Amino acid sequence: MDSELLEFTTGGRLTTDITAAAADFCRGRGDGLLQVFVPHATAGVAIFETGSRSEEDLELILESVLPRGASYLHRHGSPGHGRDHVLPALVAPSITVPVLDGRMQLGTWQSVVLVDPNADNPRRQVRLSFLAG
Amino acid sequence: MDSELLEFTTGGRLTTDITAAAADFCRGRGDGLLQVFVPHATAGVAIFETGSRSEEDLELILESVLPRGASYLHRHGSPGHGRDHVLPALVAPSITVPVLDGRMQLGTWQSVVLVDPNADNPRRQVRLSFLAG
Amino acid sequence: MDSELLEFTTGGRLTTDITAAAADFCRGRGDGLLQVFVPHATAGVAIFETGSRSEEDLELILESVLPRGASYLHRHGSPGHGRDHVLPALVAPSITVPVLDGRMQLGTWQSVVLVDPNADNPRRQVRLSFLAG
């Protein structure tokens, strides 16, 4: 299994499209599974359409599901940070994508997206692993 | 890795049980991981009990988490379609199932279910891949 | 693929940290993917921080997303049990973790957690599988 830890600049944004880096990683590898893993406790990885403002819709939905202003028992970090730690239970930090002939088999409108509500950390790592099969 | 793209008729329903097709795909393949992937930007794949009305309960919960009547920034398609594009961040379009001796190791009450709130597309594709191990 | 079915005592709690058992299972296995699968229809598996009360925050969030007091169509079990059957669509019963040199590549604050709101079953099974690569 080939595995690489990449670093991305999120710039404090909730979502960062990492499709291009994932495609680069898979190129030339033949058939197998790509595993995308975020080794951070406030982040997840999702597959959805980017570039049509669904990123902002996700932000609004997450604000309603995990209200920043609610009272959280988790006490580290800035106020509201507790919600960031619940996010990975709903947007998991791990996903797999089928790869054929070195290409992810994403649909036309699908992107691989790092989701991290923790604006205090503007740089994030993502581990890409390829299991050939 | 063997991989097949199957087509399912959802008939505009939110959920389509695809367990039988997944079981057929795994039969005879020995041990490994089944990967189920939906190459659509408004769909997810879930594992839960079907046939006891949990499909309708899921529909009610998704209506409360992703209200059709809310205001979404995503502007393509019919009104409320924006929520369909947020769904895959919460119900991911990718899941793996352990397979032993050609049989998915599902619990008694678990089914593999395509979840797609986009009633405008009554036919959907699902990619099944098997990574032997 | 090596695969084992382990049993955990949840004691009726929503969350059970199974990181130590997963680490034991991976030890000595080299590189590959760990697949964690819960063969129960009311349970999921998540990766998030434990020990800083995020477990309780998750419980509060799930109570708001899946209110116990709401009306569910699923009629088996005790009242409110219907919500337990929707949970796996949001907290999936399946997740993979990259493993290098027999060690899960979790971040410092990440734990592997069984999530089961069904307090009627104080013992739960989890299947751990390792696909070498």
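For clarity, chains are labelled A, B and C in written order, and residue numbers in each chain start from 1.
Just so it is clear, a contact is a pair of C-beta atoms (placed from the backbone, for glycine too) under 8 Å apart; a residue touches a chain by one contact, two chains touch by 3 or more.
Computed from a prediction, not measured in an experiment: that's the story for all the values here.
Novice: Look at both sides of the subunit A and subunit B contact and report whether the same residue positions are involved, with over half shared, or different ones.
Specialist: Counting shared over all numbers used gives less than one half: different.
Novice: On C-alpha atoms alone, could you tell me the rotation angle mapping subunit A onto subunit C? Nearest 5 degrees is fine.
Specialist: 120
Novice: Counting in whole Å, what is the centre-to-centre distance of subunit A and subunit B, each centre being its mean C-alpha position?
Specialist: Distance between chain centres: 20 Å.
Novice: Please output the residue numbers of subunit C that touch at least 2 other chains, ranges allowed.
Specialist: Where subunit C meets two or more other chains at a single residue, that happens at 33, 65, 90, 92, 96, 131-132.
Novice: In the complex of these two chains, what residues of subunit C are touching subunit A?
Specialist: So the residues of subunit C touching subunit A come out as 31-33, 46-49, 52-54, 56-58, 60-61, 64-65, 90-92, 95-98, 100, 105-110, 113, 115, 131-133.
Novice: Using the touch rule from the top, collect the residues of subunit A that touch subunit C in their complex.
Specialist: 1, 3, 33, 35, 37-41, 65-66, 70, 72-76, 82-83, 85-86, 88-90, 92-94, 96, 127, 129-132
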